[in-house]
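Structures for review follow.
Okay, so chain A shows up in both of these, paired with chain B first and chain C after.
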Partner chain A sequence: MATRMETSSGRGTATAHRGAAVRRIASAMPAWVWWLAGIAIAAGFPLLNVIGVVETAWLRVGVVSLIFALLALGLNIVMGETGLLNLGYIAFFAFGAYTTALLSSPKFEIHWPFLAVIVASTLVAMVAGFLISLPTLRLRGDYLAIVTLAFGEIVRLTIINLVPLTNGPNGITGIYPPRLFADAKPALEGIEAWFIIDKPLEYYYLVLVCVVVLAVLLTNLKNSRIGRAWNALREDELAAISSGITAVRAKMLSVVLSAGIAGFAGSLFAYYSNVISPESFLFMQSVIVVCMVVLGGMGSIPGVMLGAIALQALPQLIREAAGAARSDFEVYRMLIYGVLIVVMVIVRPEGLLPDKIFRREAHEVDPRELEMTRQSLFDLEEGEKDLEV
Partner chain B sequence: MEPVLELQDVSMSFGGLKAVDSLSFTVRENEIVSIIGPNGSGKTTTFNLISGLYEPHSGDILLKGESVAGLRPDLVHNKGISRTFQSLRLFTNMSVLENVLVGMHSVTSAGPFASMLRLPSVRREEKAMYDKAQEILGMFPGRFSGPRQHQPAFSLSYANRRRLEIARALASDPVLLLLDEPVAGMNPAESHEVMEQIRMLREKGYTILMIEHDMHVVGGVSDRVIAMDHGVKIAEGTYDEVANDPQVVEAYLGKRAADATA
Partner chain C sequence: MVQKRTGRVLALALAALLALSMFGLSGCAADDGGDGGEGNGATGEVETIKIGVQTALTGPLPDYGLAAKNGVELALEDFGTFEMNGTTYEVELVVLDDKAEPTEAAVVAQTMVDEGVVGVIGSLTTGATLSAIPIYYENRIPQISGSVTGPKANETGADTFFRTCWNDAIQGEALGVWAMELGAKKVVLMDDNGAYAVGLADVAEDTLKAGGVETLRQNCQSGDKDFSAQVANIKEFGPDAIIFTGYHPEAGLMRKQMVEAGLGDVIFMGGDGIRSEELVAQTGGNANAEGIYATFGGFPEEQQPGYAAFAAKYKEKYGEEVGPYAQNNYDAFGALIAAIKAAGSTDTEEIIAALQTLSYEGVTGTFGFATESDGAVAKGDIVVEGLTPSNVPRYVLKDGAWVSAQ
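Here is the complex of A and B:
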């Protein structure tokens, strides 16, 4: 960073560079400052509820937002990093949720401990991801989108019709709250009560920890050889395989990993909502997660989290604003989402907090790249130098 | 010197068109061999066959005595053949440095879980990759220095993109380097520089097979030249031998010209 500033200011046009330098300092900090600020805001939010400034309804929105932030992080791996459009992503969420519901509810009187359930839910979703990736990874672009869309619908319809296992449209009710180190019965008495997570506040922090840990892990992954291989496949598959990347394996890894994250999120969702039914896993939900990724910024880890929180909080905001007319709101929700996405794609196609790669892709000339272009004019000078050889 | 690459009667056709017809040749260690020929003579098809993008219909391709014919491109790359493309194929939205790091994919091994946790082994590997990338980019003095490495590949000049493709191909320490028209579209001074770099690569011990139309470059660096026409090898030998071969002259300039020289 410092060397770049030296070279650029050394190349004259100092005033033009001063503004750029300020921007660069502002964008050099975030790595630390923005992350800490984000975590601090997210961690501090429930306190507003504790001191009574915001209603508990907002806390509930917060929990669901964070669960969707997990989902958006997962979808971002396939969509943002590897460039595979998945329109049936919510199916993996359903796999996780139903696994949890079956392993921790009165349905079959099974009561596995929390950690075992969440691991099982993740694994079931990963297996589903693996199986669906076998036939589909040879497909590209639109075809893949259609197949994944169909997969999502097949999973939902199977859930509706597999009544003995899933109770069909009625869903599974009475999911036990998560208990760390649990025995085989739901704890009705106060023993070990604080190992039980059953209040929105507790869920909030549980999910928040998961989101932060996952964001850190995925940031590391993004900056590793695996992340670069995914990006290379998205940029130019032929060049990527000719550079020694095994396309099928890399794509499969991204699909399985993203499925696992959705399964994990689904497990938390099932625990939190206590009741799950096929209505939670509609095609529209897949679309909303796609919207979250696009809105926040494909490939950008902070971006997709912000996108998820924004899109989940938006309905509540409007509901509050609408006041008495709140029952009408659901009718317009999709309309508002649609308008929002259209505006977004026109005005800021790279998303709210874009990843650098997508910022480059979205704009032919990006103001932030101008600085670099100015540098690469250096290439022209060099070319002239070449002519003198 | 032992042969690095050996093509034995390799044939490939698209429908009725024989793109490559019973082609045989060898490339020995630390040698620079050029393939020349008019457009459509099967040069790039030959490259695609060697690098695994096509599967030969008959014949065999041996790398150090081991058959690589019909292997997937990523496996061929793992065996030690890396290539550049005639029409540039960089990861244009990724940075210069990232392009080179991607080239090292097959010679590094960090797994997904280790990478997520950024274990010490992963950090060591990343550090080694970074150092190696600096070494490779350093082979093009002044072209990819300092802050340039963090610029997206699309912001590079045409000649630098070609250089970056070569750098990416070198990143995996290939046994055999395939260069598909390395100086296409370059001005004389730039192609002169690339020529110097190809010579330098040979001094470093690389073995190179290249396709080139620029006869100045072909004559300047090649140990041997193979001339192709209509998928068939029509001549092989030193640059002068091939340049004066009547069949080669005929392929380029027509029969009358060939008769005139003969």
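Here is the complex of A and C:
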């Protein structure tokens, strides 16, 4: 409890405050360095493939990892920031993927341009998110988890049984590759062919750009009034409401936004995989996205991205290790994967790159820090100044 | 302090894993083959080629995946070393698991391509196969699945995709043909909303409509007990025959309730899903069950020429009965090797061409592959000598037992 108060009232007496400011500057500098380093590594990674050090399968793992990073960023909004557990998140992903498949495939001979499709997919998922949020936002904790779980299953079963629209278990095949800046008609082959994205490498950069842009936007949103409102709702809903936050509106915004991101990711996924079928939208996938968020660090934007990449890349990493030994070891990769997740949760319950608040919750608080918090309770003016910074 | 140490141990373990994988990355590029080694050809020159096995050893269908792998490994013993143009070739299997999941299947397919395989056996399931097809197609690698029976598996018509199991559609067409031979003018088609039954009913309906037969479509859910609504609809329609493409528990109850409603003289037909002796009890006894017809989606095991020998070999090696589709996967590998020999080359483009004109004597019969889609038969489908929609095995229930109705 004390740790939470610390965040809501700022920290420190004059001396402690100065110390905190210095610390903040010190930690702000590397943050930018870290971000740039992360982007540089991600952008440079495919070059390893180009020069032949890394195999093309890794590019595909990279694309899927980045798509799941988008998903993890989206789920982090509801789960990490607002504190609503969603176990049917993959359903929004499915809405986006199927919208894309219907608007850009031979199924109905529709061939919308890429940008229109991706916007439509996002909007459809947002509408779905809005509709599901209407009856569920009054629920809390476990009940919300059950309802979202059921929602995910309903969507999956609908996909399987709504054969005229979705082709049921056969899935939708032959999704047209995205074309940037050009009309989607195949007649424009040639000059515009340059803008067609259909190689793993091209998908990689397309998705990477989306991830970076989204991460920057979400970081700003997290530090904005809305982000603070979400965090307040997560920590104590009653206190948040009594401070003037409209709980329903803030929660709805969080659900709809996260659904939209999932729809966006689903659209990219459908384009990338060229074919989609219900097997991609199982309950297990929802669980894996939840794992990515928890493992990476709830509420931490770089954390959840790292969690997504780690969890997606790990099976292939183990497979490559098995490949070196040329044995049946490969079969055990899912077992090792599970063990590593368990170990991670025991060793670092707050996640790989934890959010500040969650780190304090996961570990015993340093007594000195606790003392500072106590003092700060009597030092509201200082605290307020701190909040404005 | 303790926590810090565990963290360090973990970091070390992860680093070791990473290092190991880097070794894997470089190890994969260098092709040193070298295992096996039992075959020593005439000229002494030995070359290793890689064949991929994309299956699902984890995920929802590990028993099917293992049977497929076993089938291929058995084939490796029989055909894995061969001579061509004076060189002895040894096949090295690259067995990769796609969890029957489409996303993983794409990565696995790409890994196969990276590994430089000359052909792939797999994948196991429809979803995984769908997402693997474009990758193999782009990279011009022949792919033979021994277990994907869905009619629409190769909807895009990739010329790199083949299969050694029967397309479900052939049975749907067979049911339609048979109903017409029996003189039916009005036919009800009923499925259980499952992919398999719906696919079968769709094809049967198309066949009947093309023959000028009036049809009515009904469905139920797997596990249903009460069919009064469907029976009432059927009674109003007044058909000569009903084709039930689902499984025997529902079929038995459906038949029973139809007899009770006075529809006992409507011909009751179904696919291999109802060809079980249990059907008799489920219809409420011999009186109701007598005269029910069923087809089979290809040659049943007892009619597959090499099956007895295969089953004996399988049991000797693995100590268990033949798993699902193991013989089809065995044939897939055998056909791929036969195509390589026919092409006289390990160039994948030439292997694809050879597969298209291949005639191969396998466990399941003498077969080739369809070069174009034609009716129920899709491009790359197995075409078994002597098996057409009008002569797939037919059975009828007589005194509580299925007997041939050819």
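Note that in this section the second predicted complex is superposed on the first by the 313 of 389 C-alpha atoms of A that agree within 3 Å, B and C clash if a C-alpha of one lies under 4 Å from a C-alpha of the other, contacts with A are read in each partner's own complex, and residues count from 1 in each chain.
Criterion: contacts are C-beta pairs under 8 Å (C-beta built on N, C-alpha and C of every residue); 3 or more make two chains touch, one makes a residue touch a chain.
Keep in mind the model is a prediction, meaning the values are calculated, not measured.
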Partner chain in contact with A:E55 - chain B first, chain C second, else both or neither: second
Chain B versus chain C as contact partner of A:A240, first or second or both or neither: first
First, second, both or neither for A:G171, with chain B first and chain C second: second
Residues on chain B engaged by chain A in the complex (per definition of touch): 51-53, 72-75, 77-78, 82-83, 85, 89-94, 98, 101-108, 110-112, 115-118, 122, 125-126, 129, 142-143, 146-148, 150-152, 154-157, 159-160, 168-169, 172, 187, 189-190, 192-193
Interfacial residue positions of chain A with respect to chain C in the complex: 52-57, 59-61, 64, 160-161, 163, 167-171, 173-174, 200, 273-280, 315-324, 326, 328, 330-331, 333-334, 343-344, 346-348
Complex contact set, residues of chain C against chain A: 3, 6-7, 10, 17-18, 20-21, 23-25, 27-29, 35, 57-58, 95-97, 99-104, 106-107, 110-111, 113-114, 125-128, 130-131, 133-134, 150, 152, 155-156, 193, 195, 198
Residues of chain A defined as touching chain B within the complex: 3-4, 7, 217-218, 220-221, 224-229, 231-232, 235-236, 238-247, 253, 257, 357-358, 360-361, 369, 372-373, 375-376, 379-380, 382-383, 386-389
